[in-house]
Amino acid sequence: MKLHEYETKELFSKYGVKIPPGIVARTPEEVYNAAREIGTPVVLKAQVVVAGRGKAGGVKVANTPEEALELSRKMFGMEIKGLTVKKLYVTKYIEVEREMYLSLIIDRATRRYLFLASPTGGVDIEEIAKANPEKIKKIYVDPFVGVREYHIRSIASWLGFRPDAPQWRQVASVVSAMYKIMVDYDAELVESNPLAVTKDGDVIPLDARAIVDDNALFKHSDLAKALEEDPRDVTEFESWARKVGFHYVELDGDIGIIGNGAGLTMSTMDLVYHFGGRPANFLDIGGGASREVVREAVKVLLNHPRVRVIFVNIFGGITRADEVAQGIREALAGGGKPIVVRIKGTNEELGRKILAEIGVPLFEEAEEAAKKAVELAL
Amino acid sequence: MKLHEYETKELFSKYGVKIPPGIVARTPEEVYNAAREIGTPVVLKAQVVVAGRGKAGGVKVANTPEEALELSRKMFGMEIKGLTVKKLYVTKYIEVEREMYLSLIIDRATRRYLFLASPTGGVDIEEIAKANPEKIKKIYVDPFVGVREYHIRSIASWLGFRPDAPQWRQVASVVSAMYKIMVDYDAELVESNPLAVTKDGDVIPLDARAIVDDNALFKHSDLAKALEEDPRDVTEFESWARKVGFHYVELDGDIGIIGNGAGLTMSTMDLVYHFGGRPANFLDIGGGASREVVREAVKVLLNHPRVRVIFVNIFGGITRADEVAQGIREALAGGGKPIVVRIKGTNEELGRKILAEIGVPLFEEAEEAAKKAVELAL
Amino acid sequence: MTLINPNTKVVVQGATGREGSFHLQRMLEYGTKVVAGVTPGKGGVTVHGVPVYDTVEEAVRKHGVNATAIFVPAKFAVDALLEAVDAGVELAVVITEHIPVHDMLRAVNYAKSRGVTVIGPNCPGVVAPPIRTKIGIMPNSVYQTPGRIAVVSRSGTLTYEISFQLVKRGFGINVAIGVGGDPVVGLDLMEATLRVAQDPDVDAIVVIGEVGGDAEERLAKLYAEGAIGKPIVAYVAGRTAPPGKRMGHAGAIVMLGSGDAGGKIRAFREAGVPVAETPFEVPKLLAEVL
Amino acid sequence: MTLINPNTKVVVQGATGREGSFHLQRMLEYGTKVVAGVTPGKGGVTVHGVPVYDTVEEAVRKHGVNATAIFVPAKFAVDALLEAVDAGVELAVVITEHIPVHDMLRAVNYAKSRGVTVIGPNCPGVVAPPIRTKIGIMPNSVYQTPGRIAVVSRSGTLTYEISFQLVKRGFGINVAIGVGGDPVVGLDLMEATLRVAQDPDVDAIVVIGEVGGDAEERLAKLYAEGAIGKPIVAYVAGRTAPPGKRMGHAGAIVMLGSGDAGGKIRAFREAGVPVAETPFEVPKLLAEVL
């Protein structure tokens, strides 16, 4: 779950970090009132969970409440990288002296938490890594040890502060807060970019974002509720698909993909692409998927406006082929689109038989099946 | 710091464990009122931090408030193993079906927490270990893992309960509370003995005690304050000595011992005993002790009524011999007792010279010095 | 044999559950010495003739169990793993999916500190046809042909698919390890490859990667440095995966600009590892490097 | 040499403090390669000619430090130890006394999981006369005679005392290790003895125990099983220590009925280890077993 800037900043604030005054607004009137309350100049920031919203016109400065009202009318409803702007975060305009970068992730290789710190920020970490890799320092934190003074020391001095500078404790506060957010909220990423030194000499997270582990949302009912109310980065199809319980990602082609297992499903997409087709989606029915899930999966693609051919590629491990076949049969009972099915695995023969009964062709190999799917989509 | 039964039980209660109703009383009148409030029969329990107070007459049942008043008059002021009874814990009398044993310590060998559980309790663990060693089960808990369901399962089933028994969750609650007390309060021991199954079928800590790491008291100002107000298991001399800042333990002989380092000081006691003398105390001035501390140490023993000879045995490591010598000289300025001094170590010659100036004999070897001290004490 | 051997004695945690019971039977059929099951509160029953206990400790004490297959639900899986570690198993295969990553991070570190090898979570496990031992959920039918090829993979079904292709073209399999699709796994693609490379009975290794993380890049680097010492053929899934999107596996995501399939394929090729364009090309490339 | 060797390069944490600075100089005088100091916020100064840094990481990077001597106050000592572990030292000697035991419990476990050997806390350290290297606070004057006797002890000053007696009677010392007086130490009396026993340059081991815990009993058991393989002479302090009282060292206490000196002496004697009645008897018994 990707957290909005305002949600992330609220967490920073909860853990004692000073953040710029800000109000979330859902209508131009709310923007106007917020601008008056906060005091102009203000910044209007589109709350969409994508990078680069500034370049896309999602961040504007308003010098009066009236200007804020005016600007917000254009910003609400804007599309930024496919996402519609529904909320604006109205924040105090802050004069900035220097922009830094600080993020916290889980490092897969070392199985530790990892801070990435750079004394220059404001652009994506990828860009810093390309232009000035020597500016990025890695500070590892073991989960059994947690953030300690020596980590803070390492980060604060790398960001350019001396222990006796007033900013030192502010950096310490940001570092501690990021770690607490990471651990307490099961985050996979907590980022402040830019982490700014203001003209007044304060260190504040001028922008911030976080991604929370979807597998841990059961522990965080407040976030789960926020996600329910504002699915943020998913299309209607994605949202629906996830509610049914499988992994679904929207792509831009016309061949609907259903696979079991993430790797096989991705490989099926790649295979379609390899033979000249364009996958419309990623739909993984997962391990141990029930007949009902398979049925719903096929139905999603039957209803998908862009999908012209459905390609089901199942190599049975924990999934039982007869369950898959029955799900497909049930889904097709209500009419259909061309379907190419390949099943191999557990209870395979039974699955084949079930499909044969409804006249759906079966392929032995995914390669032939992929070619057939691409052919049907032409 | 040894916690009283009532203090330990309050911690159990804080962490959600049901404990028998109880009130701490400091006067017979308070006992009477407590007995009325709680409802008789009640148990009067002397709050002294030693084992075996029951056998010593420190635990009595009263059937009426009047009887409680009467009994308490005899109990207040009682001496139990050298400690005076100043507080009685008045608790509801509980009918007991079965007595169990459960404690939590730090296991030095494995560097893990260790629960000791026995389905029969009420006597010291040493006695269980002697009579029924097979009844004691050890359940290790790693500090990075903490108490988990599987530990609770192991303990609860060993204590004789089935997962569907109502006592199962009560044992779980006791286990969790003990672990929390252990970690949150830096305890070295948390014990419930007996942990009782009542006639009503409840599992409750009928008696409980805990020892908190003295080195961690700075984290627990509430406990430090309680210790200040009620030094509990120390004599006046011990209390004084500890306030000065060194380790002091009262023994029953007449040769006062001052050493640097715990091992050497114990060895000095043993040496005196080996040559037929009786050590009066253990006084370790520690590593890096200042002149002031040494002076106060000698003064303590000068003022000690039982000490007839003082034996200072210093082998200088982190301690500087000249500092020791100066401390001794300063202490002796106000009059004295026979003193035998042996110093060896850092700045040794300087120390020797200082002592020579005030006519205190110096020994090369502790063995000769010990013999001399024993001789002087005859 | 890597990870497992003829003395491997397995306990199934979650043995009385639907999946646990189903796969316990498949493991027995394959030849695995499944000697015990564990389901707290169900101690005393048997599943497919295998005795079930309340605790792993009991299974270890009574049957000398040294490996576990964990099928318990995500909320309880970390506890099950820690219990197995504390009970003294040497290998833990965590099949369970959807375990919170921070919990697994701590558990994996703990297991390592106790010298326990963890495979998974969210993995198909490990299978060794030469000794007919499987701890996991791979389809038995695919792993009937022993041989000298090792398969190491971040995927489940794609592993079966490619193993199937290998067998079909006459290759035999020494061991197949699915390391798991989560961001934090006990043994990652690089580490597992390094392990199988040390087995004298392995001639070549098929590595199946996917988007997310940098295990493929780290492996490519090791290979280039000569640390593997055996031929590798790679396949990487997810060339058509969009950035910033989680592709089924919790670990299959391009984040902070790193982990895309293109970069991994490039890293392999630059290190001299041939990369198959499709799963079906793997046997062909394998034949070329042997 | 056990624990230290001619390539041991030491950083002193808390180098600018009173004790740290004092002992840094003593270590230099003895011959120890003290190449750096660390005091957060004091980076840039020098102490007795040794450069001081803000972080251990810097000391490691610039001087190839592989061992640390920690002199920082109790409240900060655990952080200092963890910092050293994360910075990659191989050996950490924690001199500091009064560290909360739970904090040390976690730190020692963590250090072990990272392969770092910890000596202490609340210890005099380690000294090896043959290579004139000392990490700790032992008086240099006592350790001037290299030889083939190892001394392993839970005490500080008592170790110097007995080492002094040994040297006086003509014995030379290979290594002396004070394992520390706390209940939880990085390497306990048994473990440290096991380590020195493996050194071919050690002929016999003097073990100095005291009340509290069961390290002496465990060592006696190992000895009886033949796991030490070298003669041991023991001394145990605290025969006159009353039960339930902490005797200076946090670890020197008889608790739950175990840990008294009598039991330890009995365990040693039953295992065939001679136990000296006084420190001064140690050299005599040593001469008898050699």
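All chains are identified by letter, namely A, B, C and D, in their written order; residue positions are counted from 1 within each chain.
By our rule, a contact is a pair of C-beta atoms (placed from the backbone, for glycine too) under 8 Å apart; a residue touches a chain by one contact, two chains touch by 3 or more.
Note that the structure is a prediction, hence the values are computed from the model and not measured.
*Asks:* Can you list every chain that touches subunit C and also touches subunit D?
*Replies:* Both subunit C and subunit D are touched by A, B, going by the contact rule given at the top.
*Asks:* Using mean Cα positions as chain centres, tell me which chain lies farthest from subunit D.
*Replies:* In terms of C-alpha centroids, the chain at the greatest distance from subunit D is A.
*Asks:* Can you give the whole-Å distance between the Cα centres of subunit B and subunit D?
*Replies:* 27
*Asks:* Could you put a whole-Å number on the gap between the CA centroids of subunit A and subunit B?
*Replies:* So the centroids are 56 Å from each other.
*Asks:* If you average the Cα atoms of subunit A and of subunit D to get two centres, how far apart are those centres in Å?
*Replies:* Distance between chain centres, rounded to whole Å: 52 Å.
*Asks:* Of all residues in subunit A, which are in touch with two or more distinct other chains?
*Replies:* 142, 144
*Asks:* Going by the touch rule set out above, which residues of subunit C reach two or more other chains?
*Replies:* 106, 109, 112-113 - these are the residues of subunit C that touch more than one other chain.
*Asks:* Which label fits the chain touch graph of this model best, line, ring, star, complete or other?
*Replies:* Topology of the interface graph: other, matching no listed pattern.
*Asks:* Please give all chain pairs that are in touch with each other.
*Replies:* Those chain pairs which touch are A-C, A-D, B-C, B-D, C-D.
*Asks:* Can you name the residues of subunit C that touch subunit B in the complex?
*Replies:* Touching subunit B from subunit C are residues 40-41, 54-57, 76, 79, 82-83, 86, 106, 109-110, 113.
*Asks:* Taking the complex as given, what residues does subunit B use to touch subunit C?
*Replies:* Subunit B reaches subunit C through residues 140, 142, 144-145, 148-150, 153-154, 157, 163-164.
*Asks:* Quick check: in the complex, which residue numbers of subunit C touch subunit D?
*Replies:* Going by the criterion above, the answer is residues 109, 112-113.
*Asks:* Show me the residue ranges of subunit D that touch subunit B in the complex, using the header's touch definition.
*Replies:* Against subunit B, subunit D makes touches at 19, 23, 74-75, 95, 97-103, 105-106, 108-109, 112, 124, 137-139, 141, 153-161, 164, 181, 183-184, 188, 190, 208, 210-211, 213-215, 218, 235, 237-242, 244-252, 255-258, 277-280.
*Asks:* Which residues of subunit B touch subunit D in the complex?
*Replies:* Listed in rising order, the residues are 50-51, 103, 105-106, 108-109, 111, 116, 124-126, 129, 142-144, 182-183, 186, 188-189, 211, 213-216, 218-219, 247, 249, 251, 259-267, 269-271, 273-274, 279, 282, 284, 286-288, 314-319, 344-346, 365-367.
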